[in-house]
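Structure first, commentary second.
Chain lettering (A, B, C and D) follows the sequence in which the chains are written, and residue indices restart at 1 in each chain.
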Amino acid sequence: MTGAGGGPAPGRRGRGRRGGEDLAVPEAEFTSYYGRPILKPPVWKWDIAAYLFTGGLAAGSSLLAAGGQLTGRPALRRAGRATALAAVSASAAFLIRDLGRPERFHHMLRVAKPTSPMSVGTWILSAYGPAAGVAAVAEAAVWLPERGPFGLVRRVLPPVGRAAGLAAAATAPALATYTGVLLASTAVPSWHEAYPELPVIFAGSALAGGAGVGLIAAPCAQAGPARRMAVAGAALELVGSHRVETRLGLLSEPYRVGTAGRLLRAGRLLTAAGVVGGLLGRRSRAVSALSGAALLAASVATRFGIFHGGVASARDPKYTVVPQRQRLAERRAAA
Amino acid sequence: MLPDPNSLYGPLDPAPEAGWSAAPPRMGFFTDASVCIGCKACEVACKEWNGVPDSGFDLLGMSYDNTGALTANSWRHVAFVEQPRPAGHRTPPFAGTPTGGSVSAASAAVAAGTAGPTGTAPGLLPGAPEPAARMGAARTGEDTGPGTDDRAPEFLGMPGAAPPGRGTGAEGRADFRWLMMSDVCKHCTHAACLDVCPTGSLFRTEFGTVVVQEDICNGCGYCVSACPYGVIDQRKGDGRAWKCTLCYDRLGAGMTPACAQACPTESIQYGVVDELRERAAARVATLHERGVPEARLYGHDPNDGVGGDGAFFLLLDEPEVYGLPPDPVVTTRDLPRMWRRAGLAALAMAAATVAAFAGGSS
Amino acid sequence: MGLRTFIEGWPVYRQLTGSDPLGRGAAAQSARSAELTARTETADGVARSVCPYCAVGCGQRVFHADNTVTQIEGDPDSPISRGRLCPKGSASKSLVTSPLRQTTVRYRRPYATEWEDLDLDVAVDMIADRIIAARAQTWEDSDSEGRPLNRTLGISSLGGATLDNEENYLIKKLFTAMGALQIENQARI
Amino acid sequence: MAEAHPVGFQWVMEAKRRGAKVFHVDPRFTRTSAVADTYLPIRAGTDIALLGGVVNHILTHELDFREYVLAYTNAATIVSERFADTEDGDGFFSGFDPETNSYVQDSWQYEGHEDDSGSGHTADERDSAAGMRHESHGAQVAGQVRRDETLRHPRCVYQILKRHFARYTPEMVERVCGIDREKFLELARAWTENSGRERTGCLIYSVGWTQHSVGVQYIRTGAIIQLLLGNVGRPGGGVLALRGHASIQGSTDIPTLFNLLPGYLPMPHHADHPTFDEWVDSIRHPGQKGFWGNARAYAASLLKAYWGDAATPENDFCYGYLPRMTGDHGTYQQVLNMIDGKVKGYFLLGQNPAVGSAHGRAQRLGMANLDWLVVRDLFMIESATFWRNGPEVATGEIVPTECRTEVFFLPAASHVEKEGTFTQTQRLLQWREKAVDPPGDARSELWFFYHLGRRLREKLADSAHPRDRALRDLAWDYPTHGPHAEPRAEAVLREINGYEVATGRPLSTFAEARDDGSTAVGCWIYAGVYADGVNQAARRKSRHEQDWVAAEWGWAWPANRRTLYNRASADPEGRPWSERKRYVWWDPEKAEWTGYDVPDFEKTKPPTYRPPEGAAGPEGIAGDDPFVMQGDGKGWLYAPSGVLDGPLPTHYEPAESPVRNPLYRQQANPTRKVYAHPVNSVNPSPPQEHSQVFPYVFTVSRLTEHHTAGGMSRTVRPLAELQPEMFVEVSPELAAEVGLAQLGWAHLVSGRAVIEARVLVTDRLTPLRVDGRVIHQVWLPYHFGFQGLVTGDSANDLFGITLDPNVLIQESKIGTCDVRPGRRPTGPALLDLVADYQRRAGIVAGRPGPAVTPGAPPPTRAADPTGSDPTRADGTGTDHGDREGRDAS
C-alpha cells in the first residue's frame, strides 16, 4: 500500500484524471447485505457543517486581524477580531449543540489525543478561543471610562489585545486546517480518500472567508490584503475541490452529484464571483462588500458540499464495497 | 514510554501499547458461521446482561432478520441470507421438486426497502435493491472459495419484471442454502472509534478489547463515522454511543461474555485471541477437507487493514454478503500523512496571509 | 477531593506521566470502569433453576439482589445444556421482571365491559363458593344403572405443562376429591 | 430441532462435528435444514409413508440387525390366523366395527391369545384415551407365545410386516410424500448403514408428530425402524421426543389429564371398573408377565396418599371417592360442552387456549358461555380478555355486555418465585430453587390450590352431603411457611415419592410399595426421588465431576434410569454388542448387571435365566428379554393391543387433504375421533366433492424466537422484537399462482376462520409433485394472538377439531385452506366470507365427512357396512374429487 492510501489506483477506473466532468465510472456491480449501507453514515447534523464554516471564518478573521494589527489597518483588525470572536463563539455553540450529551462537553478536556482530530481541535480551540476572545474584547477598551479601575483596564487592554491577537493568529491556521483531518480521519469513503485535499480546501475556504470579512468591513483603502487573501484562498479552495471531484475515481462521484454536487458548484461560482468582484471592484465599497459576501457564501457552500458528499458516500454501500473490492483484486493480482 | 512503531497501523498487541503493563492475554471472539443456527440467543443474552433496549418491532422481511444491523440497541446481530446456491448438502434440498426459478434475489430486493425505527442514530437505513438481489442470487460457475470472486452473481434482472417464481431460471431451483452469522463489534487491533474519541470514553481495556465508558461519552458521534465496519451508533434520547463491550464487567470477573456463554452450538467462541486464531485455522482446514471450499476466515489476519480483529469470523460467502466490508482499513493508517497535509495547508495559509499583507501597497 | 487527587485523576496527567502517552487505554480508564464488576459477583445469592420454556430442561442460574432477579444465565454445570440457553431461555430475566406482568388480581363481573380490582383473599373465597355451587348444580352420583359416578362435569381445568410436579399433584388431588374429572393440560394438545 | 430446541440441538451439532450425518425431514426448510447434511421436503401428513418406505427398504434387503431383532423383538411371534391386513382390506385391518368406527382387536392377537385383547372393543378405550396408560409400560400379553425363529412362518410378525410394507416402495414414497426417490434412498441407506453392532442411529421428532389424526402411528413407525435396526436401549439410539413445555412430561406422569391418575393408573370407568379389585385387575392382568404385576400396591398406595387415615383396606382405600369416566371428557369435548352451556366453571393454569388450542373460535365461544372463568397466568393473556378484544367481539359474535362469563384473573408466580420440580423431556426431574418472592398478588399454583382446598374443606366441614366426603376426608395437611403461608413443595415431593405410613420413612423404590395400606405413594413411578429423605431431584453435581451419563444430576424416573430398556445394549449373553457402544452389561464375576447407567433389568437376573412354566410378573421375564414392561419382554414391531387404530402403522391421508390416498380406498384414519358439533367442521377431502375449494395445505409450527401461544414471548421485549409480526411463508411458485408479493398481505380461509398475515416469499418452501399433481404448502407460526407487545391473527383459528383415536390429540399440524392476496375483511364481512366458503365447499355445520370413505367397505362383521354407516354425509358417494387446480371462482 502506498502513500496514496486505500484509494483506487490512478487511471484504473477514473479514466481521464483530468478529464473534467467526463469521469463516468462504469456501473459498479457489487453486493451488500440486503443492499444496505455497510457503514454508519455520520450522525453529525448541519451544525457540524456550519462549524466547519465558522471555525474557518474565525481562523481567517484572526489572520486578517493580525495582519491589520501589524500593518496598521485598524478596520481590518477590528472587523477581524470581532468576527473571530463571534465565529468562534458560534463554533463552540454548534459543537456543543451537536453533542448527544451537551452537558458533558467538558469531557473533551479529559484527554489529549493526537489520534483524535477532535481532541486536537479541542485543544486548538482551547488555545485559540480565549486569545481571540481577549483580542476582541480589547477592541472595547475605547469605550471604557478613562478613570478609576476601568481606566486601568482601558490602558492595559490594548497591549494585551495585541498579544492575544497575535496568539490567535498563530493558532488560527491550525484551527482552519485541522477540520480537514477531522473529516478525513473517518471511514467515510469520500472524506477519507480526500485527506490530502481537505485541509487545503478548508485552508483556502478559511482564507477566503476571512478575506470576505475584510472586504465587507474595511474601506477600500485598507482592503488590499483582503483581496489578495481572497485570491490565494480561492486558488487553494478551487484546486482542492477540483481534485476531490476528479482524483478519487468512484469516490469523487458523491461530490459531483446530488446536494453535494450542487453546493460545490455553487461554491465554485460564488468563489469566482467573489474573487473577480473583489479584484475588479476594488474601488467600490459596495462591490467589495458584495464580493466579500459572495466569498462567505462560497465558504458556506463549500463546507456543506464537502460535508454532504461524505455523508452520501457512507450511505451508499457502493462506495464502501467497490473500492475495497478493487483494492483486493489489485493485491491478488500483485501476489 | 514511546508509542509502538505500529501504534497506528500494522500488527500489534494492543493492550500493552495502551499502557497496560501487566495485561492479561488478549481476549476475543471467534464466530463460526458454519455452525450458526440463527437462534439469536446471542442477541437476547447480550441485551439481558447489558440492559440494552429493544431496537424496534418491525418485520423487515430480511429472511428471519428483524434486527437489521448492529446498532446502539443491538450489540449482536444475526444475519440471515437465503441463496439458491449449493451448501454442501449431499443432494440439493429441492432436487426433484416441481420448482420454478428462485425468488431469493427478488425477495431480498424487496426487503432492502424496509426500515424501522431502531431507537438509534443513524440506525437502520434502507438499502438498494440491486446489491440486495445480488446477495440472494445464484452464482455462475462453481464456488471454489474465497479469492475467486471474479464470477459475478447470476442475477437476471430486477424483480417486478416478472412475477416471482416465473421467468427466472425456468429449469427450476434445486440448490439452496441459508446462511446465518452473528455479527458483533470487531474489537479491532487498531480501533478507529477509539482513536478518534475525543473524551477517552472509548478506551482499550487490559483484555485488548474496545469499550465505551458510559460515564464519559458525551455523544460527539465521531466514533460512528470512524468505524470501518459500521458497528457503533448513537442511542436516541440517551445521546451516547453504545456497542459491544465484550462484557468488560464479566471478563473482569473471569466470566465468559453473555453471548458466547449462551450460544447453543459454539458458533460464538470466546477465548485468548491467539488460541482462537489457531482454532479457526484448524476449522477452516477441516471444512475444506469436508468439501466446503467456500469457508474462509475474516478479520483474523494481523496484517490486515485494522491489524486484525479481536472478534473475527469464519464465513461461507464474501464478507459483503453478510454486511461486512471486504477490505476495511483503519483511518489512523493515514493519520500522520493527514497531519502533515494539514500542517502544510496551515503553513500555506499563514504564508498566504503574510504575502497578502506584505505583497501590496493598497 | 483535593486538587492533587484531581490532577492525578486527570487522564491528561496520566498520559503525561504514565505508560499510555496516547491516552487510549490505561490513562483513559474512568473511575467507574476501574471499579466495574459483574453484577453476578455482588448478587445476594444465586438460585439453581431450570428454564421455564421448552422441555429440554436447561439449567439456569438465577442471580438476585434485594429480592429482585438481576441476571439469569445458563448453568455451566448442567450435563443437559452445558451453560447454554436459547433466545427464550436467555430472555428469562425479562420474562420474570417484565413490567407487563400482571401482579394484582383483576375481576370482570358478568356483562361488564371493564376490569375491576379485587382482593386476593376475597377472590379465592368467591372461587371456592362458585366451585361448591357448580358441584351442587351439576353433581352426578350415579349413572342410569346405579353405578357410581361421583363427579361433576360442570367444572373444567386446562393447564399444568408449565407447572411443577408438586403443583400438578395437588391440582389433581384436589380436583379428584371434588369430583372434577375434566382436568386437562397441554399434553392433550 | 434447531428451531424449537436449539440447546438440545447442540448435541446434534456435536455429533455432526464427529462425523454423524444429519437428515432433516420437514415440510419447510428450517434452521435445522440449514445445517443438516440432507434435507427432505415432505408433504405434511405423510410421514408413515416415508418411514414405511424405510421399513420396506430394510425388510426387502434384509438389512435388519437380525440377532437383535430375533432376540429382542416379537418378529418371530406368530399372529392369529384371523388377522387380516390393510393390504387385503383396502385400508382396514380385520375387526373393524362401522357402528363405532373402531376395532375389535381379537383378531390382532398372537396365535392362541385371540381372547386376550383386554377390552375387546376399542371404542371405549378411544374415548378415554386409554393408549396413554402405556407411557410407563407396554400393553399386556398373557402366557407363552408361539415363535418361529427362522422368521419364515407366513404369519410371523416379520413376514406380516414385510407384506404390510411391501407397497411402500421408493416410488410410492415419492408418489405420496413428494420426496424424490433418490433422496429417499439416500436416507434409507444412511440409516441402515449406520445401525448395527458398531453404530447406532437416532430418530428425533418434535411433538408435532403427535398432532395428527394418526399421530401415535407415526411414532410407532419410527419405533419399528429403530427396533429392526437395533437402535433401542442403546447409546446413540432411540426415538427421542422433543416435548415443548417445561414440565409437560411431568404433567403426564403426574397427570392433570382426565383419563389418568398419577403413574399412568387409569381413571376408573363407570362400567369397567365398578370395584377396586376390578379396577386393579384391569391394570395388572393377573397372571401376566412383566413389572406391572404390582399394580395393586401402586393403586392402594396412591389412594392412601389421597385419603390418608380414611383410606383403609376395608373400605378399598376410599376407591369409591374417585370420579368415574363415562366417555370422552377431553379438552375438546369440554369446549364443545361449554358452548352448549354444560360447563359452569373453567380454570386456566398457565395455558392460553384462545390462541394455543385448535379452533380458536370454538375455544373463545366456549369461554364466553361459562358462569365463571379463573385464569392464572403471568401476563394478561388472550384467554382472559377474549370478552373485550377477541376476534369475535369484532365480528359481533361476542358482545361484552351480553357475555355473562365472570372472569377472575389471578397473577401467578414465575419459575424463579417458587420451588419445585420440572420433569423434562427425557424423564429427568430437576428441582428449582426459589430466588425471589413473587410480586404483589402473584402466588404459586401450590399456594392457590392448597388454600383453595383448605377453604373448600372449611366451608364443607359440616356438610352432610355424601359428595363432600371425599373433600372432607382428603389428606390435606401440608406444612406452610412465610408470610403467605406457602406450602412446602418438598413436603409434596415427599408424598409423591411415597413413605411408610407408620414411620414416615420415604421409600427408596416402588418395589417397597404395599397394597395393605402401610405405604402412601403419590406417584409410584417417581418413588426414589426422595430416597433416604434426600431430594434427589435437587442434585447438581457438575458434569465436569462425573461421567457422561451424569447420573448424579437430577433424578430420572424410573429408578434414576437414563436410558430405558438398556438391557438391550448388551447381546443376549449379556456382553456389549461392541466396545464402542458398551453401556450396560452382565458382569459374570459379580453375577450382576453393571454399566454406566442403572440397568433396566433385575440386577442379578442372569442372561441365561428362563422363567419356569406359568411364571407371572417379573419372574416371567427371561434373562434375555430387555423390554421388561412388555408382557412378553419383547420390543413390539407389531402391537396386538394397546394401539387402537391398528397393530401396524398404515398411511392414511390427514382428515383434511387435497390428495386422494394413493395406497388405499380408505382415505383417512377410519378410527379418528370426530365431533359432530355445529361449531366444528372438516374441510372436504377427496373423494368428497368440493375439496378444490380449499386447494392448499397449511402447516404450523414454532419459531425459535417465540413460545407456544406467545404468552411468554410476545410479552417479552427482547423476544417480541425478533419476530414482531404474524407472517406466512409461501413458495415462489405459489406466490406466482395466487399473486402474493413479498411483504405484502395474504389471508387464509378455512371452513372455520379467515386469518391474515404478512407474506414472506421464500425459496425455503417448495411445491411438491404428489401423485402426478403439484401440491402447494404454506407455513405459519402459531404464536400470535391479540394481546401482548406484538400481535397478529392466530393460525390455530384455521383448524377444526379432529383427534387421534389413541390419545385424543387434535390434528393441528395440517389442514387445507385457500390463500388469497390482500388483507382479510373485518366485522360481519369476515363471517360472510367464511360462510361463502362453507357453502361452496358443501360444509354442513355439525356434519363432518364420513369416517369410512364411501366405496371402501371394510372387512367387517356388519352385513352392509356402507349402508349402516351412520356418519355418512350426503353427496359423497363417488370418487370424482377434482384433482387439479383451484375452484374457478
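Assume contacts are C-beta pairs under 8 Å (C-beta built on N, C-alpha and C of every residue); 3 or more make two chains touch, one makes a residue touch a chain.
Chains and their UniProt names: B = 4Fe-4S dicluster domain-containing protein; C = Dehydrogenase; D = Formate dehydrogenase.
On a predicted model such as this, the values are computed, not experimentally measured, just so you know.
S.K.: I want to compare two interfaces, B-C and A-C. Which one has more contacting C-beta pairs?
M.R.: Result of the comparison of B-C and A-C: B-C.
S.K.: Starting from the mean Cα coordinates of chain B and chain C (Dehydrogenase), work out the distance between those two points in Å.
M.R.: The answer is 35 Å.
S.K.: Round to the nearest whole Å and give the separation of the Cα centres of chain A and chain C (Dehydrogenase).
M.R.: Chain centroid spacing, chain A to chain C (Dehydrogenase), equals 58 Å.
S.K.: For chain C (Dehydrogenase) and chain D (Formate dehydrogenase), what's the span in angstrom between their mean Cα positions?
M.R.: About 27 Å separates the centre of chain C (Dehydrogenase) from that of chain D (Formate dehydrogenase).
S.K.: Quick check: how many Å separate the C-alpha centres of chain A and chain D (Formate dehydrogenase)?
M.R.: Once rounded, the distance between the two centres reads 73 Å.
S.K.: Residues of chain A touching 2+ other chains?
M.R.: Chain A, residues with two or more chain partners: 110-111, 113-115, 119.
S.K.: Pull out every residue in chain D (Formate dehydrogenase) that's touching 2 or more other chains.
M.R.: As it turns out, chain D (Formate dehydrogenase) has residues touching two or more other chains at 6-7, 10, 704-705, 717-719, 722, 789.
S.K.: Among the residues of chain B, which are close enough to touch at least two other chains?
M.R.: Within chain B, residues 39-41, 43-44, 47-48, 111, 195, 200-201, 216, 264 contact more than one other chain.
S.K.: Which pairs of chains touch each other in this structure?
M.R.: Every pair of chains meeting the touch criterion: A-B, A-C, B-C, B-D, C-D.
S.K.: Quick check on the complex: what are the chain C (Dehydrogenase) residues that touch chain A?
M.R.: Contacts found on chain C (Dehydrogenase): 10-12, 15, 22-24, 27-28.
S.K.: In the complex formed with chain D (Formate dehydrogenase), which residues of chain C (Dehydrogenase) make contact?
M.R.: Within the complex, chain C (Dehydrogenase) contacts chain D (Formate dehydrogenase) at residues 45-59, 62-64, 67-69, 72, 75-82, 84-92, 94-96, 98, 100-115, 118, 120, 123-135, 137-139, 141, 143, 147-189.
S.K.: Write out the stretch or stretches of chain B touching chain A in their complex.
M.R.: Where chain B meets chain A, its residues are 8, 62, 68-69, 79, 81, 108-109, 111-112, 121-122, 124-135, 147, 149, 152-153, 192, 195-201, 216-222, 224-235, 238-241, 305, 318, 320-329, 331-335, 337-339, 341-350, 352-357, 359-362.
S.K.: Could you list, by residue number, the parts of chain A that touch chain C (Dehydrogenase) in their complex?
M.R.: For this pair, the touching residues of chain A are 109-115, 119.
S.K.: For chain B, which residues are in contact with chain D (Formate dehydrogenase) within the complex?
M.R.: On the chain B side, the touching residues are 35, 37-41, 43-44, 47-48, 53-59, 61, 63-64, 66-67, 82, 84, 87-91, 93-104, 106-107, 110-111, 114, 163-166, 173, 176-180, 264-266.
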